[in-house]
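Common to both upcoming complexes is chain A, partnered first by chain B, then by chain C.
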Partner chain A sequence: MANINPQYETIAKQFVDFYYQTFDADRAKLIDLYRPESMLTFESSSVQGAQAIVEKLSSLPFQKVAHKVGTLDSQPNPTGGAIILVTGQLLVDEEQNPMNYTQTFQLFPDDKGSFFIYNDVFKLVYG
Partner chain B sequence: MAPRGTKSSASATRGRGRSNTPNLTPRGGGIQKRRGDRLRIDKDGDLVMGTNATSNTNKRRGASGPNSSKPASRSRQNAILSTLTSGRGGALSARFSQPGNLRTTRASNPENCTTIKITGLKESKAANNEGGGLKDLISFVERKAPSAAKLTRSVRVKKSRLDGPFVYILATKTDGEAIMTLNNFMFAGTPLKFEVGPDVFNTNTSKESLSSEAQEAKAKLTAILQKRYNPEAKFLDLSALGDDAELKGIGAFEPGVLPEKLFKALMKICDETFKTPEAKQEAITVVSLARNALTDVQQVFSLADTFPNLKQLDLSENRIPNTKGLGRWRNKFRLLEGLLVLDNPIAVENSFGVELLKWWPWLQNVNHIQARTPEEAAAAAAEASAKRQPQPIPPAEAVYIDESGVAETFIRDLIAGYDSDRTKLSAMYYDADSVFTLNVNTHGKPSLSPDEILPWAAYIKLSRNILKITTKSGRHQRTFQGAILISELWNSLPATKHPDLETEINKYTIECRPLDHVPDPTGNSPAGVTGLNIVINGEFEEADAASGKIGKRSFTRSITLGPGRGEKQVRVVSDMLALRCFRRVAPISEVHLNIQKIQELSHVTGLTLGYSELCLGDAGYDYQAALRLFEEKKHQLPPEAFIATGT
Partner chain C sequence: MANINPQYETIAKQFVDFYYQTFDADRAKLIDLYRPESMLTFESSSVQGAQAIVEKLSSLPFQKVAHKVGTLDSQPNPTGGAIILVTGQLLVDEEQNPMNYTQTFQLFPDDKGSFFIYNDVFKLVYG
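Then we have the complex of A and B:
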């Protein structure tokens, strides 16, 4: 039967902190969080595999970026990982006006006791 | 054709791998293998081409206008034309009627007027008279109608127009009735047929509002078009416009007047002359834009709007570098059969024809070479037409793997049920183990008028934002497990109305992926089974009970589906709803285009991405309008609006 991780909320919180910290500092380093079976849907395009995902993220048209998480909710998923739903704001480069976004992650545990992103759906919310 | 509702067709439409595996199967292997081609963003290259087209359009700056330095050689027998009868080349056509040709008495009130179509003039002896016999016919009508209708007063024709075999006349309603009694009267040896006709004297055209200069320019442009039109060959020769002395005489090439504007003016006259698509198709199927120094089709883009059903197009002796130069017309000219791009840089490219055949399904002849047979073209057109059918959930670009249609059925039930009967919805898909949570993001400014902005009171206490709700008990309180609790909670929440999934699918983006290790309630697969994870981004209308306001909210909802127990085939394992203030969610393809526009505008203007986005937002994401807005406002912008240069 399903394997519910009692620590899923803590995992979610720590993951989100780490993910955006890394993203904002050097998004190429996010490669460690993805696996070959990972999938990223960024707006309209989808890519699979850690390498392709990081290439996609690196190609985004901004240098500096800062995520500000507004809400974070999480439920355990049956893999022992967690589903995470984030809404927040994104500031790019010298821009003062943030863009809103939502992002959904599916975290799966790996066999070394840590977690990786199985699914990552990012969406900007335009006005 | 992409019929909805049947499982096989749904999967065929999506065509993203997963050949035969149902979704809710015991897990074990196959995921990697199946993943092979499901990730194609774009099954027919649409996105790629769209990218090219857009960026190309946007990048063109200072492209040369139709001011060709080459001398015009009207005598050059253009190859398309040679396949057609050239007939009376340049014959005047009464169809391009100048404003002055209208027999206008005074401004007529359209409410009280009747348009009558008369057939038979062309067959009559009067057809050879000056002006095609139109004057003779009108005086015949005005002379005969009173007596035919047994009136003692005179009857007036307010406006008249010769249009191919037909004559259209405009008269007051009462005069019109009198004129209709002339049906089957003999005129110059031929019986005339009178019918109440279509409103070709479209009174909405703003002739009256045009300045006299504009009127004059319009008359000149009309005359130019007349000379360039060959009705026998259905050919409109717009070649070497830059060398047209008469065009130059209008001052169309004065600084500040865009050649594109001029071309649009020409197209507008065509639109006014041939009112319906059928009339245009009947009148013109061949157009030459040769020798116009075109590097792309930006300046002449409106040709595609005015003559969407063109069959032959000549772009020879231009400067089109590659297929990108034609990209903006990619989804236009659905009936184009022949294309000439001789003496363009593009013609050196070997493969360009292959690309063009993909764009234009009926295209058979490129630069005099038969690229495919009419039968092959028909097959390609059928395929293209199937692809152009509206697609069911989801928008084509989103990842959506739902071979069995389980997710689609669920999403339909979810959206409809959440609006109409939440108790029933919870009973259908939720069981004792299902978990629902919601959270609200109260930040941000809604794109709504103030009286549509809803308070958050109904949700805020339930919001499980674990950044703010930090205690175990607080989080637990806001976790709703079991169908009964979920149903109770839902029924305490405000009533909603979601956009229709069929007709307003562009208000959603929906993604769906298999998810492993979903619990198997039968206990047969201890390691769990493969379920589905669905992410819906969308909006709904909500009525706030306290204030009586009706407003909108945006939402993201992530749902995990697994196999059910007993009567339930499918159950919700987990359901997370995030609400935020309403912001329009652009359709997925539009978002992509918009991002490109933002990048391009930033690139072209030096604005930061953020300011580019603001500028485009103000211009309704019309790129050209945004550029104009930028030009207008650039001196008022603060320095931080611009990307710092590398100093």
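Then we have the complex of A and C:
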């Protein structure tokens, strides 16, 4: 039985704001958004589990990063969560030229009335 | 209880090949890949249901289209299906300059041992 969350757009926007703010400020703190079953595919390299995901993100070879979301589209999934497609640009360290990226997230509700990331796929876009 | 399909990568690749071959040959035939609950968000415009989705795709203002998949990443979802992130390029009609796009699909199994598209989000990427 499908459970469509009528607030999916609001949830998606709040999540995306929070995710990139946290990523750009202190990406180790993203651990709270993942669970043991969560998956991250970052530039076609995959890891599973909150700990492994945050280790992967923390090991990326830049000190400073700034994400700028260009577009955000979301749809509900049948679990009461949402699927999100972001396109945007990011700047790392002292680099002046932004890189285009796309990222998709699938959020599932947890048992505390919040949401966690089940699927996370990130890809740079070369034009 | 999660149902992870160990064949998710093969399913994702076969699906993506079939989807764009069908889209580029006769996009009205994509109707078999959608169900009444399926959602399409195409350039931030959303429709629901196989019939409405195919009408939307068929109404796009080009006669010829060729998709070229650049990257395909997939992860399993807990229903036995998969989530897919594609980046690629497309050429329409006599246009010589390809457009970059990104598209995410969520596939769910049907009761016949096949898969249908539950979520479909398409977005052009401007660099």
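Quick notes on this one:
Here is the rule we use: the second predicted complex is superposed on the first by the 126 of 127 C-alpha atoms of A that agree within 3 Å, B and C clash if a C-alpha of one lies under 4 Å from a C-alpha of the other, contacts with A are read in each partner's own complex, and residues count from 1 in each chain.
The rule is short, and it goes like this: a contact is a pair of C-beta atoms (placed from the backbone, for glycine too) under 8 Å apart; a residue touches a chain by one contact, two chains touch by 3 or more.
Note that this is a predicted model, so its numbers are computed, not measured.
In the superposition on chain A, contact is made by A:E9 with chain B only, not with chain C. In the superposition on chain A, A:V69 makes contact with chain B only, while chain C stays out of contact range. Looking at the shared chain after the overlay, A:P78 reaches both chain B and chain C. With both structures placed on the common chain, the touch criterion links A:V121 to chain B and to chain C.
When the two structures are aligned on the shared chain, A:T104 is found in touch with chain B and with chain C. Applying the stated contact rule after C-alpha superposition, one finds that A:M39 touches each of chain B and chain C.
Of the two partners chain B and chain C, more residues of chain A are touched by B.
Common to the chain B-facing and chain C-facing surfaces of chain A are residues 2, 37, 39, 41, 44, 46, 70-71, 73-78, 83, 85, 87, 100, 102, 104, 106, 118-119, 121, 123, 125-127. Residues 31-32, 35, 39, 41, 47, 397-399, 435, 437-441, 443-445, 447, 463-467, 475, 479, 509, 511, 513, 515-520, 523, 526, 528, 533, 535, 537, 554, 556, 558, 560, 562, 573-574, 576, 578, 580, 583-586, 588-589, 591-592, 594-595, 599, 602, 608-611, 613-614, 617, 640, 643-644 of chain B touch chain A in their complex. Considering their complex, residues 2, 37, 39, 41, 44, 46, 70-71, 73-78, 83, 85, 87, 100, 102-104, 106, 118-119, 121, 123, 125-127 of chain C touch chain A. Put simply, chain A touches chain B in their complex at residues 1-3, 9, 12-13, 36-37, 39, 41, 43-48, 61-62, 69-80, 83, 85, 87-89, 92-97, 99-100, 102, 104, 106, 108, 118-119, 121, 123-127.
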